[in-house]
C-alpha cells in the first residue's frame, strides 16, 4: 500500500502544479510528470499494457504537441506567455463541491470494492478483445486519428 | 393479379425527376422545366391508368406492392390504393402537372424550386399510396417540410399596416413577411405532426400486433377505451393540416405568401392530406372513437364553413380571399366526413378532389393576375375583364365552382355533403352548410365584380392576358372541373366502393 | 329511341352545341356574326322541333319519362337524371324556344353597334341560356331542375352584366344572382330534406308517392315551403323581387327574354311542374296565394310612378308573376300556366317594342319622349297591342288568362287575394296606358330624331303581336283540356271552401269595367291633362314618395348587404380572426421571442461560465435525488 | 486489497482538473486541465476494471487515450486558429458564442 501513497501524493502535487503554475512551460512539465506517474498507477492496477501506452502515446504525444503549440503561439505573440487565473475562489468552491459530492457517493456506496482476479493470460485476453471483439471501434479510431491529423494540419495552416 | 409496379413508378417519377433536375446546370433554361414537366406528365398518365384499371366490382386495395423493410418492428414497404386514395392520387397528379406549367416563368433559382416541388409531391403521393403507417408518416413529413423553403425563398411579402392595440406585437413578430409565413406554417404543421406521431405510435402499441401495416391494423379492432382518446389526438394532428378552426390561421398567411405553384399544391393537395388522414387513420381505424367525437368534428366543420366565408368577405387581398375560401371549403370536407354516412363521405372525398382542382385553378389565376398587375389589393383593380378576357373567364369558372354552381364539380360535392348532413344525427348542420354556400356566392361574385368588371382603370392599359404555357394549366384544370361536374360518376363510383368499405367498419357502432 | 325522345334531344341539343362551339372555338366567337347566325339557327331548329314535339305529346299526352344514373349509391337509390315530357313541359318548350328565337333575331338589329367579339359573347350566353331553360323544362328530377335552375341564374347574371364596364350593370348582375341565390338556399334545403324522407328526386316517383300518401304531410309542407322560397327568388315574389327591376341594366332583348320566357317563368313553372306535390300541402298553397296576390298589387302600385319605361315594364312583370303565383296558390294550374303562356308573348312584345323606342331615343326616361306614334308607327301599334293584352281588354290574349285567374281567386273564397287581384286590374290598365299616352301621344316634343327600327327588329315584334292578339281565344280550350283536371283534384281537397263560394256572373264584367276605368283615368290625366298629375303628386306627397322609393325595399336590402353582412358580420369575423385567433398565435410567438431576448443575456459566450452552470445543475440534481 | 484509494485518487485529480478548467484564462492551460480530468477518469476506469475483473474498463481507457490525443491535436489547432483570428489566447475574451 505504501507504494501507492508514494506515487499518489506526488501525483496530486504535480497536478496542482499544472493548474496553479504561472509559467506555461512549467505547467507542461508538471503535466508530463502527472501522466508518467499515472502510468505507474496503472502498473499497480495490473494494467501493464495501458501503462506503457500511457507513457508512449500520451506523455510523448500530448506533451510534445503542447510544447509545440506553446512555442508556436509564443512566436506569434513575440513574448513569453505568463499564465493568469481568474475567479480562483469560485473555482475552488465549485471544484471542492464536486469533490465532496463524489466522495459522498463513494462513501455511501454499497459496492464491494475488493479486487477480483483478471483472467489468466491477461495480454492474450486484451489482444482478443481489442482485435476481435472491438475491432470495428479500433479501426474507426484509426480513421479518427487520421482525420484529426489532417484536420489539425488544415486548421493550423497559416494561409489558405 | 400480376401487374407492373404502377404505384412505385408514381413515387419514383417525381423523385427521379427531382434528382435529375438537381443535377442540371442552372443555365439550362428549358431542361430544368421540361424534366419536371415530363416527370409530372408520367405521373398523370399513370394515375389515369390507375383510374381506368381499378376494378370497381372488387373494390378494396389494389395494385398492392409489399416488401418487408424492418421486419423486427413490423415496418414494410406496402403500397396500394382504394377508391378514395385513387381519387386523391388523380388530383395530385393533375395539380403537379399544371403547377409545373403555372410556375414556368419563375426565373430565380428555378432548378432548386422544381427540385423541391417534385420532392414535396413525392411525399404527397407517398402518403396517398402507402399502406404502412410508418411509411405514411415518413412521406407525410416529406410532404410538409419543403414548403418551408418554397415559401421562405420564393415567397412574396406584403406590408401589413400594424393597427390597434396589438400593433407593436404584430410588427415585432413580422406579420406579412414571407419568413413569418413560412415559419408559421412549418411550426403549425410540425405541431400537428407531433400529435400524429403520438397517435400512430399509440395505435402501434395498443394494437399489440407489433406491426405498422394498415391492412392488419384495419382487420384488428383497437380497444374502444383507447379509441376514445386516440381519435381526438389524431384528429387534431391531421386537422391542423386540414385547416380546422381555430388552428387554421397558418393557411391564409402561408398561402398568400407562397409562390403560385406552392400555393396550388398546398391548398390543393396538402390540406387534403389532413382530411385524408382523419378519414383514413382516424375513422377507419377507430370507428368507436370517431362516433364518440363526431359531434366535435362536425361542429368545427360548420364553424369553418361559415366563419371562413365571412372572413373571406372581409379580405381585400386577392390571395387571402382564396386562402380563406379554402378554409371554408375544407369545412365542407370535414362536415361530409363527420356525417358518417354514404352520401356525406362520398361528398367529402369528392370535395377534396373538386376543391383541390378548383383552388389550384384559382391560385394559378391569382398568381397570373399578380404577376401582370403587380398588386394583390382588389381595390386597386377594376375592369380587368377588358384586358384579360381569358383570365376573367377562367376566374369566373373557378369562382362559380367555389360557390357550388351546378355543372361544375363543386356542386356535386357540396350537394352530396348536404344530403349526408341531413341524415346525420346532427341534422341542423345542414343549415350553416347551405348558408355558407350563399356567403360564398356573395364574396366570390363581389371579388369578381371588383376585379374584372366595372370601369376600366387606364393605369392598366398595357395589361396582357395569359400567354403560352400558362394556358395549359388553366385549360386543363377548368376542363377537369367541368368534366367532373357533368359526369361525376367516373370518379364517384370508385369512391363509393371504398366509402362503403369504410362504413362497414361502423356496423354496430353507429346507433 | 322513340319519337318523343328524339324530338326532345332535337330541342335540347342545338343550343348546347351552339354554346359549346361558340364557347370553345374562340376565333369563331370573336368574329361575331357567325356566332350569332349559329345561335339563331340552333334556336330555330329547337323551335321547330318543339312544335313537332308539342303536337306529338298533345295527341297522346304521356307522360314520357326516361332516365340515367348520375350519382351511384349502394345504401340508397342512385340519383338519376333524365327527361320527363308531358303537355306542360311540351308547351313550355314551345314558349321558351319561340320567345328565345324572336329575341335572338331581334337582337341582330338591336345589338348591331356592338363590337364583333362582344356580339359573339352575347350570343354564346344566349345559347347557354336557352339550353338551361329548356333543360329545366324537360327535367325528370328535382335535382336536375335545381341544376338547370342555377344555370339559368348564371346566364341571367352574365347577360344582365353583359355591359360589365357599367357599374350599375355590374351591380345589378350580382344583385340578381345573390337574391335568387338566397331563395335557392331554401330550394336546396327543401329538396335535400325531401330526398332524406323519400329517397328519390325523380318526379314520377315523387308524384306516385304523394298520391299514395307515403310522404308525411308535415314534411311535405316544410319541403314545399322551402322549395317555394326558390321560386320566390326566381319569379321575383315579394320580398325577393328586388333584383328584377335592376335587371333592366342588361340589354333590352335580354330583359325581354328574362321577363317573358326564361328566368322569371322558371319559378312559376317549377310550382306548376311539381303541383301534384303542392296540392297536398294546403297550408303552403294558401301562403302562395297570399304572397302571389300581394306581390301583384304591391308591384303594380310601384309601377304607377316609375319614369323609366323599362322599369314600368319590370314592375308590371312582377305584378303579373304575382297573378300567376296566386292562380297556382288557389289550385289552378290551368289559369297560372295559361297566363304564363300568354304573358310570355305580350311581355316579350312590350319589351322588344320598348327596346325599339330606346334604340331610337337613346334614353329610358318617358318624360323625354312624346308623340312617338308618328315617327314610329309600327312600334306604336305593337306596343299598344301589347298594352291592351296586358291590361286585359278583350279579345286580346291577356284578357282570357287574367280573367281566368281572377275567377279562380274569387272562387277560392279568400277575401284579401281577391281584393288585391281586382285592384291590380285597375292599376295595371292605368300605369300601362300612362306610358302609352306619355310616350306615343302626348304633346311634348321628343328629344332627338326618332326613327323607325329596321325590319329585323319589327319582324319579331309583329310576330309576337299577332300571337298576343290570338293566343288567348285560340289556346284556351287546349289549356282547359290538359290542365283543367288538376284544379278538380284540388277541389276535392278543398271541398268546403269551394262549395261555400260561388262566382257571381258579373265578375268578368267588373274586371272589364275596372280595366277600362284605368284606361280612361290615364287618358284624362296624361292625354287630356284634365287632371294635373303634378297637382296629384303634390297632394299625395307621402304616398308618392313611398312609391317612388319602392317602399324602401331596395334600401333595406342594401342595408342588409352593406351594413349587416359585409360591414357587420364579415368585419366581426375578419377582425376576430386576425386579432383574436391569430392574435393569440402571434402573442405566443411574441412571448417566446421576448423571453428569448431576456434569456440570451445568460449566454455571455465565456465557456467557463457555462461550466459553472453545469456544476450548479449537477449539484441541484443530486440534491433533488437525495431529498 | 480494495480499489477505493485509486478511485479516491481519480476523484481528487478530477476536481483539480476541473478547478483548472474553471480558473485558467489561457486556452492552452485549459486544454491541459482537461487532459488532467481525462486522465483522472481513466484511472477510475482502470480501477473499476480491476474491481470487476473485467477488461472492458481497460479497453475503454485505451480508447479514451487515443481519442484524447486526437482531441489535443485538433484542440491546439483550434487554439492557434482562434488566436490568429482574435489575437488573444484568453478564453474569457473569446465570446463568439455570445447570444
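Order of writing sets the labels: A, B, C and D. Residues in every chain begin at 1.
Keep this in mind: a contact is a pair of C-beta atoms (placed from the backbone, for glycine too) under 8 Å apart; a residue touches a chain by one contact, two chains touch by 3 or more.
Quantities reported herein were computed from a predicted structural model and do not represent experimental measurements.
Participant: Which number of steps is the smallest that gets you from chain B over to chain C via touching chains?
Facilitator: Each step joins two touching chains, and the minimum needed here is 1.
Participant: Looking at chain pairs A-C and C-D, which one is connected by more C-beta pairs in contact?
Facilitator: Pair with more contacting C-beta pairs, A-C versus C-D: C-D.
Participant: Could you pull out the chain whose C-alpha mean position is farthest off from that of chain B?
Facilitator: Looking at centroid distances, A is the chain farthest away.
Participant: Any idea which chain sits dead centre by C-alpha averages?
Facilitator: B
Participant: Taking the mean of the CA coordinates per chain, how far is chain A from chain C in Å?
Facilitator: 96
Participant: Find the geometric centre of each of chain A and chain B from their Cα atoms only, then give the gap between the two centres in Å, rounded to an integer.
Facilitator: From the centre of chain A to the centre of chain B is 61 Å.
Participant: If you average the Cα atoms of chain C and of chain D to get two centres, how far apart are those centres in Å?
Facilitator: 90
Participant: If you average the Cα atoms of chain B and of chain D to get two centres, how far apart are those centres in Å?
Facilitator: Once rounded, the distance between the two centres reads 56 Å.
Participant: Hunt down the residues of chain A that sit against at least two other chains at once, touch-wise.
Facilitator: 86, 90, 94, 98
Participant: Would you pick out the residues of chain C that each touch at least 2 other chains?
Facilitator: Residues 608, 612, 615.
Participant: Where does chain B touch two or more other chains at once, residue-wise?
Facilitator: Chain B, residues with two or more chain partners: not present.
Participant: For this structure, enumerate the chain pairs that meet the touch criterion.
Facilitator: A-C, A-D, B-C, C-D
Participant: Quick one: which bits of chain A touch chain D in the complex? Just the residue numbers, please.
Facilitator: 1, 4, 8, 11-12, 15-16, 18-19, 24, 27-28, 31, 34-35, 38, 41-42, 44-47, 49-50, 53-54, 57-58, 61-62, 65-66, 68-70, 72-73, 76-77, 81, 83-88, 90-92, 94-96, 98-99, 102-103, 106, 111, 113-119, 122, 125-126, 129-130, 134, 137, 141, 144-145, 147-149, 151-156, 158
Participant: Give every residue of chain C touching chain D within the complex, in rising order.
Facilitator: Contact set of chain C toward chain D: 599-608, 611-612, 615.
Participant: Quick one: which bits of chain C touch chain A in the complex? Just the residue numbers, please.
Facilitator: 608, 612, 615, 618-619, 622
Participant: So in the complex, the part of chain B that touches chain C is made up of which residues?
Facilitator: For chain B paired with chain C, touching residues are 164, 166, 169-170, 172-173, 175, 184, 245-246, 248-249, 253, 307, 310-311, 313-315, 341-343, 346, 383, 385-386, 400, 403, 405-407, 411-412, 415-416, 418-419, 421-423, 430-431, 434-435, 437-439, 441-443, 445-446, 449, 452-456, 488-489, 492-493, 496, 500, 503.
Participant: For chain D, which residues are in contact with chain C within the complex?
Facilitator: 18, 21-23, 30, 91-92, 94-99
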